[in-house]
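Next up, some structures in structure tokens.
Paired with chain B in one complex and with chain C in the other, chain A is shared by the two complexes that follow.
For the complex of A and B:
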């Protein structure tokens, strides 16, 4: 019966993540990378990794440092490694983006930046994975949401190792020639395990705890949820085994990918049943904005599933894979991320600020820290924007895409402004804002002193 | 060392609305050195894992159908009398709760706020009982910061019943 504390660096991870998201959305409006440049162009790689590592992975790591201790009811192990992991991830990402810019000919530096990224990024992920994995290990036997996270950790190890291998190949320092030959297969695994395993599967796991928690739905572990875990894990394993299967068994990748896709569809179908259950059986009648905006993200996930199936059946997957990835990354993962940040940031800020005095004097309510009415239209603009951007990509209209990309950018900025307002307590009436014994939280840094005990 | 584990089925106790914690602790106390405990419960008794871990037992849980769980607590040989014991150290001998709260249908962090409000109103040494929607990890942290003692258990419906004893000479007051 140990308690869970506020994770000191989570807000810093969130802040850096949001900076990368806004920067990436800004670059899309500026016409940088895909669709103006080809999918495999270095400019596109800059954009893709700003979103996947800069935004989504930092968001995920920051969230896991906070929520894994809650999931397994045990304190975070090795919390001193959280900051070094952050510095390594940011340095590695800087090197990676710099390395891609070198490839694009945007600037010339006499540094093997990609190879450096191939060292720094896996090191940063290794530290983050170590902290979370040891915490999970201490919390065995694992509750189901934590098992999703465990699979996500395996996935990020695979993705980071494959990413590093690319970095070494592209920087001309790879000692393994076969890597170059197997590149198309490895790229498929890197992308599929990255989105489906690390980001997607972990997000699904966390949603199994966050949704019932904030909607007061029954939290008992459902058998469908177990099947989601088994089918999803099996699909990810099959994808990861494509290369060994090709090399050792001389079977084509076709059957393996088909089985993996069927399992993934089955997992997502059962997940849809569980999501419906959580929303239908909630005890909280009014749905708060975080949960209703999450509905938008889930709708985008299932639209992406339909789009994927349609592209497969019409044989146009290769042609439109960019649009599909856009819908998954921005519609589902980013939409879910923003909707949950909209609850998590005020909640953690509330705990940080008012925790020490709660019960001793009146405190504002968490829901008073944001103004839902003002923000609801922005979530609508966000999801609508992603939808029309995906349509523009499918219709091969890069100029139209740039114009429409303003919608998600503006909406994201508006939501981030609201989150900053929540951190600054600016929506709370001045006379109730800081009762005696409380301190204004810092925007994204932890309090320097453990003032609560002083 | 291959002594078969002692078996305890707490399902009938819970079915009758009883509190199985005492029976479990009595069974643990009666174990021979090196002997394990096989516990049958109508839910996964997660809070018990920490309590018994502190007494040197490692849990291994599996669902045995019908929502029931079998947990085998195996002695690891290394007793770890750490801070976790704080929650149970003063378990027996507490006065009857002077307040009973049902905070299950409140949105977080309201269950915690209401509970702490009631704790602050207690005279030192008095206890209160509260039903909460889930295991209240942030509340444990705050109770520990303030020096209160508590014990609790998951209920069959997944909610959590906590009994808190207000401390004498409170820590953490600003």
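For the complex of A and C:
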């Protein structure tokens, strides 16, 4: 059973995700898509889905395959499906991006790529959801962080189904006319449930487990955390019910959205109280860079909440929704993702390389695999870059945005170079790097391609 | 000092070779070794835990403890039991580990 608890393909998910992140940031610097093109332009859709599926969803899936077993203290079920899910997701995303490029007129192929994406992507997500859901089911009764993940799984199912319906509509193969009429509502649900449910709610749930673990904060479940779950789940349910409410009850969407927003604000307020508790009551006074950099991501989350409230109150949400989404996607979710990868990649690399010889000879520490002092400024550059980019979007300055977008791009590349260094063990002194019995880990593939174990 | 006590001390020293990868300190100083007992026949019994239930390093840590104890001269048989009763708490670390991790040596619970 050695290494049974390491998800073999997680590093591959992470590697692909980081490639998409850097590519998307590079496209923003190159002036591709929003803000140079309108929000609904196919070029913008390419960019958006590179970030949401290519980067954030692959990152989330890879992380969940590794950490759901930690949340429920039971091994991952059906691990053989993790690789097929990865292949389907990559194929589906390739078709989706190709389909958008067809719409943009910059790519011509006699293939219904969007319709193919509408099949491959939901299939990939279905496999990933199945593996994680069955693992959660085996770990009942669920601890609170796992319940957040469970809601996140429902959310991704909704998002994937709606996304597939869009793909079929855009490809001209949808048999359902009402989908076209309801497109604005469905788009709202697709975006809100995607960011708020699948990516956001799941990240919040995992943070309830990882933050106390990394900082040695009290791990007991707080009543506020239960309220975060209830209020957040109710808000997501209301958003998901916008279309049925509109069709069946003939009520306007306004009241439903207002109640959902109030519940979401309440949930995020209580989450802020819990985050403050974890950081203030941590027993590890000197925290590692992953935990301190995560503070930047949480600050961005609450800046996004304030921005959302301000845009709502001033009636300018529609005008500045791009800036808001940029702050959520890059400030909060990407910031949190990069900060946690900074810990998770060295940790998994350490287990892979030194775990088998532990107890036989001295091993380096996980902390020896990165140089925090060298990397801390890059996280500062990253968050500062996202802030000024958001400001440029709010000020409607696309050229300035392109120039400023270099900051997060450079910082991301620097952090990724450090992660590659961790995989290469390059920060460990040569004489301690590979004791007898150890092997240099592969950059992003499992140590051995034993397909039967997957 | 009896032979079994000497062996228990030797096992304790051997287990200092095994570090918790997340915290970077050895299992003994972290308080993750709950019990070490040696029988007259050279059989060793070790009761251990991990900092968190379901930790991905659990299998490695258990195997490493088994190997480290097995390599102690005079030990012929090793049994390692993993337990979460009581669950590990940071207060269980010794003062050296607390200092390394920047944890106040007198925690609220102890004060």
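As a convention for this text, the second predicted complex is superposed on the first by the 444 of 454 C-alpha atoms of A that agree within 3 Å, B and C clash if a C-alpha of one lies under 4 Å from a C-alpha of the other, contacts with A are read in each partner's own complex, and residues count from 1 in each chain.
The criterion applied here is as follows: a residue touches a chain if its C-beta (ideal position, glycine included) is under 8 Å from a C-beta of that chain, and two chains touch if they have at least 3 such contacts.
Small disclaimer: the values here were computed from a predicted structure and weren't measured.
Once the complexes are laid over each other on chain A, chain B and chain C cannot both fit and instead clash. By the touch criterion defined above, A:370 lies against neither chain B nor chain C after alignment on the C-alpha atoms of chain A.
By the document's definition of touching, both partners, chain B and chain C, reach A:351.
Residue contacts after overlaying the shared chain place A:360 against chain B and chain C alike.
Residue contacts after overlaying the shared chain place A:5 against chain B and chain C alike.
Once chain A of one complex is fitted onto chain A of the other, the partner contacts of A:437 are limited to chain B, with no touch recorded for chain C. Once the two complexes are overlaid on the shared chain, A:141 sits against chain B while remaining clear of chain C.
Using the contact criterion defined above for the overlaid structures, shared-chain residue A:283 touches chain B and also reaches chain C.
Legend: residue contacts after superposition of the two complexes on their common chain; A:69 is shown touching both chain B and chain C.
Of the two partner chains placed by superposition, only chain B is touched by A:220; chain C is not. Only one of the stretches 9-17, 63-71 or 117-125 belonging to chain B has C-alpha atoms clashing with chain C in the superposition, and it is 117-125.
In the superposition on chain A, the residues of chain A contacted by chain B and by chain C overlap at 1-5, 69-70, 73-74, 213-214, 216, 219, 283-284, 347, 350-351, 355-356, 358-360, 363, 365-367.
Within the complex, the chain A residues that touch chain C are 1-6, 66, 69-74, 213-214, 216, 219, 283-286, 347-348, 350-351, 354-356, 358-363, 365-367. The residues of chain C lying in touch with chain A in their complex are 14, 17-19, 21-22, 24, 51-61, 63-68, 71, 90, 101-104, 107. Interface residues of chain B, counted against chain A in their complex, comprise 44, 46-47, 49-51, 59-61, 67, 83-84, 87-88, 105, 107-110, 112-113, 115-120, 133-135, 137-145, 150-152, 158, 172-174.
Touching chain B in their complex are the following residues of chain A: 1-5, 69-70, 73-74, 140-141, 143, 213-214, 216, 218-220, 283-284, 288, 347, 350-351, 355-360, 363, 365-367, 436-437, 452-453.
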